[in-house]
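Per-chain residue numbering starts at 1, and chain names A, B, C, D, E and F are given in the order in which the chains are listed.
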Amino acid sequence: MGRVVTFGEILLRLSTPRHERISQARQFDIIYGGTECNVAVSLAQFGHDATYVSAVPANDLGQAAINYVRQFGVDTGSILRQGRRLGAYFLEIGAGGRASKVVYDRADSSASEIKPGMIDWVRIFQGKDWFHFSGITCAISASAASVVEEAAVAAKKAGLTVSCDFNYRATLWSAEKGRQVMGPIVRNVDVAIGSGRDPVLQGLIGMDGNIPAPKRSAEAYRPFIEAAVQKLGFKKVALTVRDIYSSSRNTYAGVYYDGQGVAMSRTHDIDIVDRVGGGDGFTAGIVHGILAGFDRQHTVDFAAAAAALAHTIHGDFNLVSVDEVEAAAGSAGADVRR
Amino acid sequence: MGRVVTFGEILLRLSTPRHERISQARQFDIIYGGTECNVAVSLAQFGHDATYVSAVPANDLGQAAINYVRQFGVDTGSILRQGRRLGAYFLEIGAGGRASKVVYDRADSSASEIKPGMIDWVRIFQGKDWFHFSGITCAISASAASVVEEAAVAAKKAGLTVSCDFNYRATLWSAEKGRQVMGPIVRNVDVAIGSGRDPVLQGLIGMDGNIPAPKRSAEAYRPFIEAAVQKLGFKKVALTVRDIYSSSRNTYAGVYYDGQGVAMSRTHDIDIVDRVGGGDGFTAGIVHGILAGFDRQHTVDFAAAAAALAHTIHGDFNLVSVDEVEAAAGSAGADVRR
Amino acid sequence: MGRVVTFGEILLRLSTPRHERISQARQFDIIYGGTECNVAVSLAQFGHDATYVSAVPANDLGQAAINYVRQFGVDTGSILRQGRRLGAYFLEIGAGGRASKVVYDRADSSASEIKPGMIDWVRIFQGKDWFHFSGITCAISASAASVVEEAAVAAKKAGLTVSCDFNYRATLWSAEKGRQVMGPIVRNVDVAIGSGRDPVLQGLIGMDGNIPAPKRSAEAYRPFIEAAVQKLGFKKVALTVRDIYSSSRNTYAGVYYDGQGVAMSRTHDIDIVDRVGGGDGFTAGIVHGILAGFDRQHTVDFAAAAAALAHTIHGDFNLVSVDEVEAAAGSAGADVRR
Amino acid sequence: MGRVVTFGEILLRLSTPRHERISQARQFDIIYGGTECNVAVSLAQFGHDATYVSAVPANDLGQAAINYVRQFGVDTGSILRQGRRLGAYFLEIGAGGRASKVVYDRADSSASEIKPGMIDWVRIFQGKDWFHFSGITCAISASAASVVEEAAVAAKKAGLTVSCDFNYRATLWSAEKGRQVMGPIVRNVDVAIGSGRDPVLQGLIGMDGNIPAPKRSAEAYRPFIEAAVQKLGFKKVALTVRDIYSSSRNTYAGVYYDGQGVAMSRTHDIDIVDRVGGGDGFTAGIVHGILAGFDRQHTVDFAAAAAALAHTIHGDFNLVSVDEVEAAAGSAGADVRR
Amino acid sequence: MGRVVTFGEILLRLSTPRHERISQARQFDIIYGGTECNVAVSLAQFGHDATYVSAVPANDLGQAAINYVRQFGVDTGSILRQGRRLGAYFLEIGAGGRASKVVYDRADSSASEIKPGMIDWVRIFQGKDWFHFSGITCAISASAASVVEEAAVAAKKAGLTVSCDFNYRATLWSAEKGRQVMGPIVRNVDVAIGSGRDPVLQGLIGMDGNIPAPKRSAEAYRPFIEAAVQKLGFKKVALTVRDIYSSSRNTYAGVYYDGQGVAMSRTHDIDIVDRVGGGDGFTAGIVHGILAGFDRQHTVDFAAAAAALAHTIHGDFNLVSVDEVEAAAGSAGADVRR
Amino acid sequence: MGRVVTFGEILLRLSTPRHERISQARQFDIIYGGTECNVAVSLAQFGHDATYVSAVPANDLGQAAINYVRQFGVDTGSILRQGRRLGAYFLEIGAGGRASKVVYDRADSSASEIKPGMIDWVRIFQGKDWFHFSGITCAISASAASVVEEAAVAAKKAGLTVSCDFNYRATLWSAEKGRQVMGPIVRNVDVAIGSGRDPVLQGLIGMDGNIPAPKRSAEAYRPFIEAAVQKLGFKKVALTVRDIYSSSRNTYAGVYYDGQGVAMSRTHDIDIVDRVGGGDGFTAGIVHGILAGFDRQHTVDFAAAAAALAHTIHGDFNLVSVDEVEAAAGSAGADVRR
């Protein structure tokens, strides 16, 4: 299996139970997670050697975040203890026609105050195969974006494959700002993951990758992917295709270009338990498919099924094994295993 | 915004968690609510000045009910403390093919023992715009019905708009009894809200307002509405149109006659978290549409979306803002707000 | 009403709340149940005199299991206290595309160590009408299978109707082993309940009873049923027909041959709260239909509706009354009962 | 072991978790209990054949109450289903200097509307040894008091021992009223249980039985007991001696006159988990001691230890075995049993 | 009753259930509170007209904080919606020898960014009797301290009584800094509340007010109080006297100088449910005693009993009535109220 | 800091919430722990490099146990996945006079089926300083005892310090059996930890080490310790001294002989949250004291304070830092840290 490093912010997630609104809640459920962390945890469940690099404050919450992650077998030994606070967000898990809602409280977090030179990337990347980051880490602060670039350059130099999930968040920056910051950074990226609707990705390519449901196919996404490859130099591109019928029901499919051809997965109908981390399940599935040497159809089928399963698990982490993903990717379905 | 007064009974609602049956339950979730109270709370969330008038016993449960309501910004200063007990009901929230089930324990409640003369309606209605009540308050006791009539007459005299939600409950009275009691009272009503299936409303009009799904349209409801206007003197009429596929899934639409024409909303598919208070969400939506000067299509679209959202929130209260209702009424849908 | 005896193993079921995975859980919900126990409890809710025979250890868990069952009105006075431990299993209740998962810990249980001669069947069957067991009890140990045979023979001798639910579990034995063990035992069975997909039943009959959805009808199941009747001597046969769309959604129908003709119920769409015990709800429905003298269509409609309701209740037990099943069997549907 | 019948009201108890006040609570813990029911359950745990007679409404709450009791092995087959509602009370479990607080909602309960002639005492008392009731049942209504008298007379006639726990509740009646009603009834009582502070007992005897802590001894209580025996004809008398240091800490001792001499138990220091039902634990201990043929010291030691243990168990029921009480009565103490 | 205004920061308090450490917790209990808010809520329970002034962000958490406070009858209409975030803290409730532990996350809160001129004190103080603040609000930021001074001056000018609880927090500032900032502000204070151990108070007076337990008496505290009166111009002074035996057990007494003499309360033994807000209970008791015209002994007895009760209630708020405090102040004690 | 290896069984612990009895419980709290595991976790919190060696089944429960332990920073990489089941026990946490109660279900566990040769002790002990085991692992099976001996011999050979906690459990074996099995094994032990009441330790020494409270002192324990040193060759001996006043309150002290003299700690009064793992807290404290080079008084003070704190934390693990133990050992006490 592979040896993967991911880097980004870990947040305290406080979610209301029973789909309650924040104004009703008398308890919050506690989860620690963040997009790159979620990818690392999923890869560890798939059997890979996963290292998560981040920064947390030297207090009980920082330690709790580390404990939370390492229980799932991720190497947390390179996480910095610095800065003033753990970023947090408050989450209402929506239902039916009521959207999930996030209130961020992540300003001045330890991760956003990370600076180039603080992390010894040379040491960390020694003997590793893969480095993954996302657009969110580029968005949280200028210095965090610099550290992402520092890491991506070091990873390339050390011979690692570099992947990036664009993961645009309108509350963190504008599409315009995102393009300016990410443009130079993604030059180091081998494997790009995103959505055809992502405004930063669209802006960098100069093309709209959103295709209406009836027209979707592997071929339909080819022009957008080819433009991405041509303009941004990606070797592989994976796209997520989500339709939102309600907070409780989505459909999800994946598209994947492996450098030679484009494949599309079947479309999964999803009854949602917890949507956060769904896309990270997809990313980990793509990384696993490549590391495991799957062909492009197998890779995207695996990744889409992983994403679908991630929606059925409370919390951000996709706590499923390779066997469980394969079963969900196939038609084996959801009969009780007993 | 408007200044609205509602009047009725507030009940202690004890519901079983996790769709449990009463015989399984070891804990009850506590909610305080009642149809007119729910309307007041929803209007307060929409930004209106809402006053709720009721009667509770002078004990800890009565105080708890008041506290519960005023946390959401409703004026509870005119609630009487009198009588012997807070009415209560036990609720199993059904699932799939199993219906939700209510066991009432509301006899001899403080609200049912309220009597004409106890409430100073002249003072309460000073500077107010609207008075709302429902058929349930007319049903709980003869003296409560008298107080409703007393209030409706006083409200008309003070120049308020008066609205009534028919809200028939077969466990409280017969349709025949309902017609006798409500007939004289609804003469004071400007805005009538109900269902085409409501037997009291049907009885008073002498026409069946239930239209099978394939034949439904704004026009299809016009004869029933015109009969209501002609016979009962309503100026505006709003109807709810619900189909029940299971305890977990309903569809919901609204019809609204604004004195000039009839409009019908789109039909919402609802994944139900908590059905109680759904109709009150619709009522509050209609009142808001009228107070905010929406046109008839906007009014009914807003009200139907409000009702749909009310089904997604634990408890009776529709804790959503105007912006959230507008988003649900439009196609914006249920993507995570982050 | 009838006087029914069931015999089998009762297990401690430890399930994760909120669809959590075992590796996430910090609490387990406690249920005690087992297929024959579930049938007894359901029949007691239908008003029958139900006796459950089993064996539990003489410790607090054994007593807790007895307490749990007798709260629902089942006679537990004949349960043995012997052996070393209460069998247990751990259950993740799946969601969407993620299957429910069971980890068994039932080796060396009190019930598996039960031996012929330990139970006074003559005394227990005195004045009784019906004896029910399942294939699971035959599978847990050779000695338990011997006790099942001992009981079935004694029941026939005492003039009781004997029913068997085949209930194949691949984790307990192979289909081949199942056929060898159950072949002689089912010679005593009057009423057979199973699925057309059950490999033991298929093996004993020598025919595949699985019919694809579009071809299903009462008639379509007739050849399989006739073969069962001819080869195995059953007087009545009931089959369950389940399709699994996801862990959250199944469809469920029943087929029933009453010795003269075959009837099929409508197909229920099920939003699942807790799938365990669904089949036991069907079995109890068939037994009730026969004991109550329902005709074959009424019997299978009742049984399928009972099974559908069983999926909507937390835990194994189908805590519904005859009236509630009849309502679900008809079109009355799932409106709030208030 | 003995065959004991108890009669009285069973209530739905709704208590706030975590010592919360009612105005804070969002959940209530559910317990069903009542003084005579608690005695029956405790005796069943001690191995006696216990029958509880009461009346509950024919709704889900009445059934839930029956289920709750029969899980602990008490015969509930003679409980009437009649009347309109299950009496209820709301309980805040105090802490430290904050007293526990009860809000009753028990008017018009099924038990309070029970009438002479409704219960077939002759049948119920057949083959039984003991009948127990309390002053609370005499207090809830005149008709309930008449049924108590009817039962006590029938029990004496059938040769049963009759016991009464005075159990004065100031919220139910005045001491004066209590004396008038209970005076004639207690003429049928063999074994009286109460407190030297009970105003009804004091009034009937005409003496204050409250002795300050430093002066307490078996001998010190003798005059009060002798007066009770002389004036009221009791054959045996048991007194509870409680000092309240805080809601969390009480001391508890017992005094017992067996017709020949007086014995006093050691004083137990109690860390309270749930005080309700403590006195019922004492009563069941006295009844057990007499039925088991313990001498007077053993009887009162057992009863006081049972009462102490009852305070350590959530809910009203004293779910402890004879062995556990004996251990607590001795010096064996509270080391982990592992 | 009085009309009281308090001003300060309201925080989101996230506490671990069951005395868990933060690293163990999977849920946090939610409370909103803050020292001046707690005083306002307690005074509202005592029947006073209480207004709480603060600043919260214009997001769901700010609204939730307002809702939380106004449920208990406090006027929240003057709370500003400004700034970026609601201050928060994480609380482990200790037990036995393990101290409670707080992790603050309150930097850059809405309240800390409040500035002079933002609040219309003239309007707010119109018709009011009393203004209360604490040293914590002076400590959170220089601008907050300026607003405190602005308010205190305005209050004096409007003829209100001004009270201050010194409430030193070592994590917020040094004693030296505290003296510098609070020195000028407390010149406006009529009623000072604090502890003899408070380093700011000690520093301003230049005397140690900590008296060992055996030497404590009203007289013993006189020199410290007289120095405070002389140096700082207070008219009344109240001191709290706490000894900490463990996280579960403290003793608590109060001392009060009413301008003429010094009185001391009895010492309460406290079994602690939730210590946060205990001192605020004392403060509210002192304010109530003065407003109600109690003599000095009654005032301090009431305040100390109020503080003791505050320790028995989950959360910061002292949700007890005047009657309940009086009962706890007397010897009535902690018998169940039923 | 040191590098410590511990070896033993990890169990699934299922405890009832709220001091409930097993027969009442509807939920179990989940903890994974075991005496040697608890020691490893505590040492990891103190900053040591801790490795825990055990065996768990290759199923979700085995994985959950590993995850649970590694979240706290213990190296679990040498845990075997073999055997059939994870041992379990059910725990009622007692209160007041009611003892905590354990129902074991640990037969045939993966750990009990471990055999010599399965674990590569040479590799594991490379670069390590310390090996710890307990008498419980010797008691669970003959093969487990053999593996303990194998490990102790290998540890001595590799130059590690070897410690043993006698930890007698009457439910696992007799004192006689314990002496036979442990006699040869403890010849390899450098540091012995136990109680003067431990029957195996007493038997091996041939002396009773239980000293009544009034006579206790460092000197009083000297004869027992000297006999242990002489007969069994220990270099250091630590004894725990517990008195049980109730399930809620114990006292705890430690005695420690460092090869030169005997020291005794102060006696801690303990309000118990969770007693399981208290002794393991003491053991880890002794190991830490030795590894950190504390003198004998400091070592035993630290260990006793660690044990006292361990009783205040839910679960088996003593999740406290060195600083927190030092504070508890001193007089700093239990004031809120804020």
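The rule we apply is simple: contacts are C-beta pairs under 8 Å (C-beta built on N, C-alpha and C of every residue); 3 or more make two chains touch, one makes a residue touch a chain.
From a predicted model like this one, the values you see are computed outputs, not experimental measurements.
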item: Any chain that touches chain F and chain C; value: A, D
item: Numbering shared by both copies at the chain F-chain A contact, with half separating same from different; value: same
item: Chain centre separation (chain B, chain D; CA means) in Å; value: 46
item: Centroid spacing, where centroids are CA-atom means, of chain B and chain F in whole angstrom; value: 62
item: Two or more partner chains touched - positions in chain B; value: 21, 23, 26, 67, 72, 101
item: Contact pairs between chains, per stated definition; value: A-B, A-C, A-E, A-F, B-C, B-D, B-E, C-D, C-F, D-E, D-F, E-F
item: Of all residues in chain D, those that touch chain E in their complex; value: 18-21, 23-24, 89, 94-102, 104, 169, 171, 244-249, 275-276
item: Residues of chain B that touch chain D when the two form their complex; value: 14, 21-23, 25-30, 59-61, 63-64, 67, 84-86, 88, 90, 101, 103, 105, 107-108
item: Complex contacts: residues of chain A adjacent to chain F; value: 67-68, 70-73
item: Contact footprint of chain D on chain E as seen in their complex; value: 72, 268-273, 305, 308-309, 311-315, 319-320, 324, 327-328, 333-338
